[in-house]
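What follows are several structures.
Each of the next two complexes has subunit A plus one other chain: subunit B in the first, subunit C in the second.
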Partner chain A sequence: MHDADFKIVVIGGSAGSFSVVSNILAAINPDFKIPIVLSLHRLKHLRSGLVEGLSLKSLIKVVEPNDKDKLMPNTVYLAPANYHLFIELDGTVALSTEEAFNHSRPSIDYTLSSAAYVYREKTLGILLTGANKDGAQGIKDIADKNGYTIVQDPLTADIDTMPKAALRLFTPNEVISPKQIVQFLNSLPI
Partner chain B sequence: MQDKERESTYKEYLQVLKECSPYDFSEYSDNSIDRRIQKVMQDYNLDMGGLIHKTKTNPQFVEQVVEAITVNTTELFRDPEVWNYLRVKLLPGFKNRPKINIWHAGCSSGQEVYSLMVLLDHLNLLDRCEIFATDISKKALESAKTGQYRYSYNYGKYLENFKASFDEDKAPDFDKYFKADEANDTISVNPDFLKKVKFVKHDLVKGELPFYNRVDLLFCRNVLIYFNSNLQAKIVQRLHDRLFPGGSLILGSHETISGFLNTKFTKKGPVYTRSDAFHFKY
Partner chain C sequence: MDLGINDIKEITSAMSDYPDMDYSNYSMSFLKRRLSYAFALLNLRRLNQLPERLKDPNFRDKLISNLSVDATEMFRDPAVWRLIRDKVLSDMPKESEKIWFPAEANGAEVFSLSIILHESSLTDNYKLICQSPSIIRCNSINDGAISAGNNEINQTNYKRLENQNAYNSYFETADGQINLLPYYRRNIECLNECFLSKPLAENSAALIMFRNISLYYNHKLTKTAFRLLTKALVKGGYLVIGIKERLPEDLIDEFEVIDANENIYRKTTTINSRNHA
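Up next, the complex of A and B:
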């Protein structure tokens, strides 16, 4: 059970996650208030164009934030290519070019852990399909702070390495399909 | 509560560092500095008490801490669209100028210093340039001076960035500027370039500037992101003062100038130009 009073939704995903995220944003309530932060691995040769790609179908504005931008309601924030994205205690975004973590920049672990640190039980973390274990520790950190955690059902994942890595570390609140993830989000009070 | 304690502890440490070393990290961005200090403690197997003791008693260790908590990742032609813009829109504007002063503030291991030199050479402007490059990290500067980078991990990305910084199929040969040696795992910058740059150790936060010139072009990319808003504003003001009116400041792709300082620049593409407009003093 959750108290439904989330301050942030953080979503991590890697291989195969573009279409999942795109479908979530295409079906979400356009008035969805809680800021959504996306930390998605990108294919090396596809550094730009992701924000445009997601914007095509998204019912909510999608932006690549600048450093120190404040998270605003009804907005989707996509970690820029080649930067780590952290959430700071004052609800702003901090970007970093430091070394890749888990071979990844952005690192999903970094984004998710920082959200857990700042928003604790008010954090809703979602981990999707992916070919890498980055994100597993991060979403566990959210659970450890009593945040609410959703892992995509590995059976519905293009590549199940990432969700399975998370399930080996802890038991999330939900293990559900992308369709159920949308239903969950749209069931939250606006 | 644990987190609160952790916060006060690392802030306490920064205070110690400030008092017993020439460095002041107290206005670095919280999250990044906290994480990097945790890592130092892990790597050296120290608790906070041990870290403080070693910092107070061992100046060489302080330098190692500085290396560890400053970020030194960079690449040749990072964000090709920025270099493309500079090549087409900004740099040609210097073709009738007898002299171009350039400062790379926070140059790290020098990849962007050399990236710019490639474009300047390509536009026949390099001879008239005076180039300063500064960084807080001695180790990074040593690496910058050698102009030598690892082939593995880098070559593919560097070559791709290089090509993307020119019009399609119009890029000069990569070999003209860089010698890629897979067997020795090196990419070496053209030796003529190395002599042309004055690399100087300098802490943007505290140090007096090691040169007097004002500059036409100032690169400070992905440095400000490690500072808190207050310190960012201070540093941007200093950078502004170092620019000739009409001079250009190039920041990282996701860095911006906010607040009042924003009115002292006009922004076009990725370039902030120091505006000549009159400003009231408050």
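Up next, the complex of A and C:
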């Protein structure tokens, strides 16, 4: 059970996650108010394409934020190529060019952990398919702060390394399919 | 070390007693992780050890060096460098020969520009002035040292930019250390100073490179820094900031946008040109 009063949704994913995220955004309630932050592994020299690709089907506006942008309702924020994305205590985005973490920039662990630190039990963390353990510690950090955690069922993942790495660290609130993730999000009060 | 907000305030307060160590206006999320990272590298296990360790100038310099974030790679965002090469360098104001790198971390930015200047036969027209509050960082820049770990991505970026394989001809390798050859850094000087306390004089820089530096500042320090840069730039001079950074609102009128995607600006030659337009 959860108290449903989430202030942020943070989603991490790597290989295979583009189509999962795209399908989630294509089926989500267009009035979904809670800001959604996406930290997805991507090619660092390809700056464009991903936000445009997600925007094609998304029912909510998708943007790549600038540093210090305030997270706003009914908006999806995609971590830009070659930058880490953190969340500041005042609910703004803090980008960084610090060292790659888990061979990744953006690092999913960084984004998820910073959301956990700022929003604590008001954080909804979702970890999807991926070929890397990045994100496993971050979503555990959300659980440790009493946030709500969802890990994509490894049986439904293109590559199950990422969700399996998370399941080795802790027991999330839900281990469900992408379709059930959409149902969960759409069951939240607007 | 897991640092809370009060810990961070105590740390920045202790540090600010020393010259050029005022980090109190850096962003909280940056300080939280970067101080932990630096303390781990410096073997500082308990916060109560900090005041004593800070008395040691070598410790202070290492701390400043570890808090400084490397520019990730040379020729990062090749499109920015292409515009500098093709558009900015041909329109530089004539009254200054100074190109300013106010907070150069590891030489990646200044070495990239020096190679581009060489390829444009403009090296001797400019002085490339870097500043860093860390002696370690400054010495490394003055030696032309680059991180071997970034060499592959540096080459890839260079090839995307210049479409040729000349990259390696600019460097020498000895004992695993890669250095820009002295010939290509003859006009580079790194000064061991913090630009916030010792900025370049007013109206003295033709081009300022300030990419991905204000990311780590809070709003207040961002404004302060950009005001200093704007003052130091000659009219018609250029300012290049990171592609995900923004100029503070109150300075927008001082600049015309040369390229909105790559965040290249030119200081207007008339005050409030927008109002006069």
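One rule holds for everything that comes next: the second predicted complex is superposed on the first by the 185 of 190 C-alpha atoms of A that agree within 3 Å, B and C clash if a C-alpha of one lies under 4 Å from a C-alpha of the other, contacts with A are read in each partner's own complex, and residues count from 1 in each chain.
What we mean here is this: a residue touches a chain if its C-beta (ideal position, glycine included) is under 8 Å from a C-beta of that chain, and two chains touch if they have at least 3 such contacts.
Just so it is clear, the structure is predicted and the values come from calculations on it, not from any experiment.
On the shared subunit subunit A, the superposed partners subunit B and subunit C overlap sterically. By the touch criterion defined above, A:N82 reaches both subunit B and subunit C.
In the superposition on chain A, A:E121 contacts neither subunit B nor subunit C. When the shared chain is aligned, subunit B and subunit C each come close enough to touch A:A94.
When the two structures are aligned on the shared chain, A:E174 is found in touch with neither subunit B nor subunit C.
Applying the stated contact rule after C-alpha superposition, one finds that A:D158 touches neither subunit B nor subunit C.
Touch criterion met: A:D67 reaches subunit B and subunit C at once. Common to the subunit B-facing and subunit C-facing surfaces of subunit A are residues 45, 64-68, 80, 82-83, 86, 88-89, 94-99, 114, 117.
By the touch rule above, subunit A contacts subunit B in their complex via residues 44-45, 48, 64-68, 80, 82-83, 86, 88-89, 94-99, 114, 117. Within the complex formed with subunit A, the residues of subunit B that make contact are 3, 29-32, 36, 71, 73-74, 78-79, 81, 157, 160, 222, 224-226, 229, 232, 252-256, 258. Against subunit A, the residues of subunit C that register as touching in their complex are 5, 27-30, 32-34, 69-72, 76-78, 156-157, 160, 212, 214-216, 219, 222, 242-246.
Looking at the complex, you find that subunit A touches subunit C at residues 45, 47, 64-68, 80, 82-83, 86-89, 94-99, 105, 110, 114, 117.
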